[in-house]
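In this document, chain identifiers A, B, C and D correspond to the written order of the chains, with residue numbering beginning at 1 in each.
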């Protein structure tokens, strides 16, 4: 089928390729002239046959909001917008309402798979009406991994459900990554273990902990033994924070995901204000030796 | 090759099948007459041709210690014992020394894969001398999953390294399971999500969080919707505790694995003494309403 | 000085007493006829001499919002409203703006001390302009504990700073309580300790962990040995949740406060959905015995 | 009464002063000539009248073991040894047995209060027989804070109970310190708060979180605004680690104490191996920008 695709960054660019390879006609828009198929959102709307389907794949937050607002101007009754970015699920209802006022449909789609999705397919979680989802199904079927639809695609519920599922997916991802990371650090700390990479590699088949993330970890450590070339400074990108906030909203204990998130925060601190306070306290009551700034250790 | 196998429980029984299917001659011993091939450890030693290789697959702790002590009496110089149980790695050196005093070799082998290993193969992590490991390699090659040896088997280091690697494997496993569990609980708490099982199922391909554990979780929830038939009461089996102890020994922060372990402890408490203390405190300073034992609400 | 006091519940009632004992003229309003001094907010406004100072001490959330909105109707330019409830600091700016539009000043005041404050004085953290704070200082000086003003009162910053400080105070409180609670549970679990209450009592003087909360914990355990009469079911009242949300906003690791909060969430669950998932997983891969609902043991 | 005191370091030296001020005859031994009263342990034994009471106040671990072994040679039947150091409670039974074989009694004493104990008195938790404890009571009564004996002293149980109680005391201490530290960091991160020290100071009276540790924290921040002069690098001294190990032994969830301990471990890492692994993983699946070692920003 025909699809408009707004945003041809790392994700959108690959998705266009996969969709075209799947036989769809994709007209992409991106502000960068070297990748765009049309000069503007208006041009995109004009290039598409009504009723149109437009997939938005731009950074979450204000840029997504603005893109959808502009699309609401350019599109017409009966069109359909899909937000495939990592938007917070709370933004979906306002987006849907804005578009619905003009008779335009809305689907929120969580997309997982990263740079590997072009080849492997993307895990998809979508929210919206049955009718809208059915309409975009040919697109979803091409984007998702081959095999059973239910193993790589879910219509998770009404508008918002797709991004909610993707948020939780990413929260889990934080926990999984940190569980492996703790195990890695423990292996690396133990003199009995003569080759940490070989242990991780040996876990990739047959074990209980085998997973795609483990495959990647073994691969990464092979490429950069000892992770000597990489810093522990680690960004976090919204979904982890939102997941913990949802845990609070729903009164759900989430110690693992929260610990993973906090470890990222800590990784970005040069020194920890909290630990300065602890150190100062120890000095106060115990006369314990503390490390002064500027002195060697 | 020929192998003696002590312990024909859930794991040993399946391993005997897989090894026999792989062309090995396996003579099994188990105290239960209905499954054993020989009447005693002495009988096992007699039935094997020297130099013997004997795999011990019995519950970790005193039973393993005792089995190895008895084997040290029945076996001879040049024989080899493999402890494939979930022993703590600190017990390997004493076992190896006991056997070495009689000229008997020792390998510790961590075995992962559970009841699925018979079919899929077992992930193997072993510790010992190059010579001993080479000698038992035909056994390892049959037990491990098909494909590259390095993807399902590792000679992780000297005696102790196999069980160390298995311990960390299980520690990671605790963290992974709890990360999925928190995500599950959050999905189940959110009204937007209309079918939690379908979301988990849709994550099994293409997503960043896909894994064997996730496959099992989706399967489990399909078999028991809402987990209505199962209690949250959850045992822990040693390796999780030992992993946290190793984290302490190595001064490695392990908040995710520790949180997963503590959640299991908490799951087995009818009421939490700590929370009674918190509740009592709130009552003291705030006159907050607290729940009295035996009252509803 | 003269003060209007809206809300004569557990806290407000005691504060009226303390203020009157300190020589202030307090006119209290509460919807309950048996405690109120005036029949309505309008009556309160009429009973006070302009320029008025009115302290609001009602439950945080909608009731506080509504009370302040009503006061903005009844009061006049030059008056001053103090919100002494446990409002979220993000609500202070809107409240202040609403009142400022009518020329009415606003102070947010965090008040700590619980039911003991009447006798011991209340710890006070306030936010607002220098001028407004100076105007209400006679009230603050009577409410706060005797001694140096700086030891029981702080003008923490502009509007919002008082409630922010109070929120963090309560977040810390969660952590402190849970630290003691874990220690209590460990003492109670150890057979060597013959009298847990006596240990807590002995810590109340001279030790590093001595505190007012510890005094209360020792007292509570004396009154209810073994905490037999109390349930571990524990509410949480907003500030703990908001503190973790602020930790996320400011990218500050807060594992202790988050763990304390999550423990409260868990205390209110009959069974843990997350642990059901873990238990189901263990059953899947290991054939581990799991506890079925409705079966003993 | 007369007391031998082995170890005149930071703690022992102050204790000698307090005991002498309390009217006791204290003969101290320390390898440093400038502080010792006698030239050797043998000299100490000779200088004391039988039956002797000797308090050992040396670093926990091998030095304590060795000191007690040597004392067992120098002392005689009917004497009494008190280990007042921070020994692990598991070492008490062996020490007691060693001494009991020669008819010498043993008490383990946990001592809290740090450098402030000389003036304020020390919180004391002791383990041993009723008879031995009664015999040393005049010493305990002088060392403990003034006031009710039960508020600063406990006979917590048989041999080992004193050090067990002290271990838990210190585990709680870790949690309390970190709760305040998190709160401090949050206050410091919030622009609304104009003077963090003033907030902490204002909490020292009347609030729920008031404590001796808070007094010290407010003092420390006054002396070193912004904690600019101190590093977050923080040692841990045994009891915190042992407390978490006891939590594991007793299957008691201890997330707060464990988190506090892990934060200390993390504070001593230049970079986190675990976070390097997380960062490498993000790079693998997402092509996320990661921080390379040696590059800015």
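To be clear about the criterion, contacts are C-beta pairs under 8 Å (C-beta built on N, C-alpha and C of every residue); 3 or more make two chains touch, one makes a residue touch a chain.
Just so it is clear, the model here is predicted, and its values are computed rather than measured.
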Fitting the CA atoms of chain A to chain B, what rotation angle results, rounded to the nearest 5 degrees?
-> 180
Higher-contact pair (C-beta pairs counted), C-D versus B-C | C-D
Max Cα-centre separation from chain A goes to chain D
CA centroid of chain C to CA centroid of chain D, Å | 32
Starting from the mean Cα coordinates of chain A and chain C, work out the distance between those two points in Å.
-> 37
Length of the line joining the C-alpha centres of chain B and chain C, rounded to whole Å = 46
Multi-chain contacts in chain D: which residues touch at least two other chains?
-> 114, 178, 180, 182, 185, 189, 208, 212-213, 247, 252-255, 259, 262-263, 266, 272, 274, 285
Which of the residues in chain C end up touching chain D in this complex?
-> 89, 112-114, 117, 120-125, 127, 144-145, 147, 150-158, 160-161, 164-165, 168-176, 178-180, 182-183, 185-187, 189-190, 192-195, 198-199, 201-214, 243, 246-247, 250, 252-257, 259-260, 262-263
Given the complex with chain C, which residues does chain A contribute to the contact?
-> 208, 241, 244-245, 247-248, 251-255, 258-259, 261-263, 265-266, 268, 272, 274, 285
Given the complex with chain C, which residues does chain B contribute to the contact?
-> 10, 114-116, 177-178, 180-182, 184-185, 188-189, 213, 216-217, 219-221, 224, 227-235, 237, 255, 259, 263-264, 266-267, 271-293
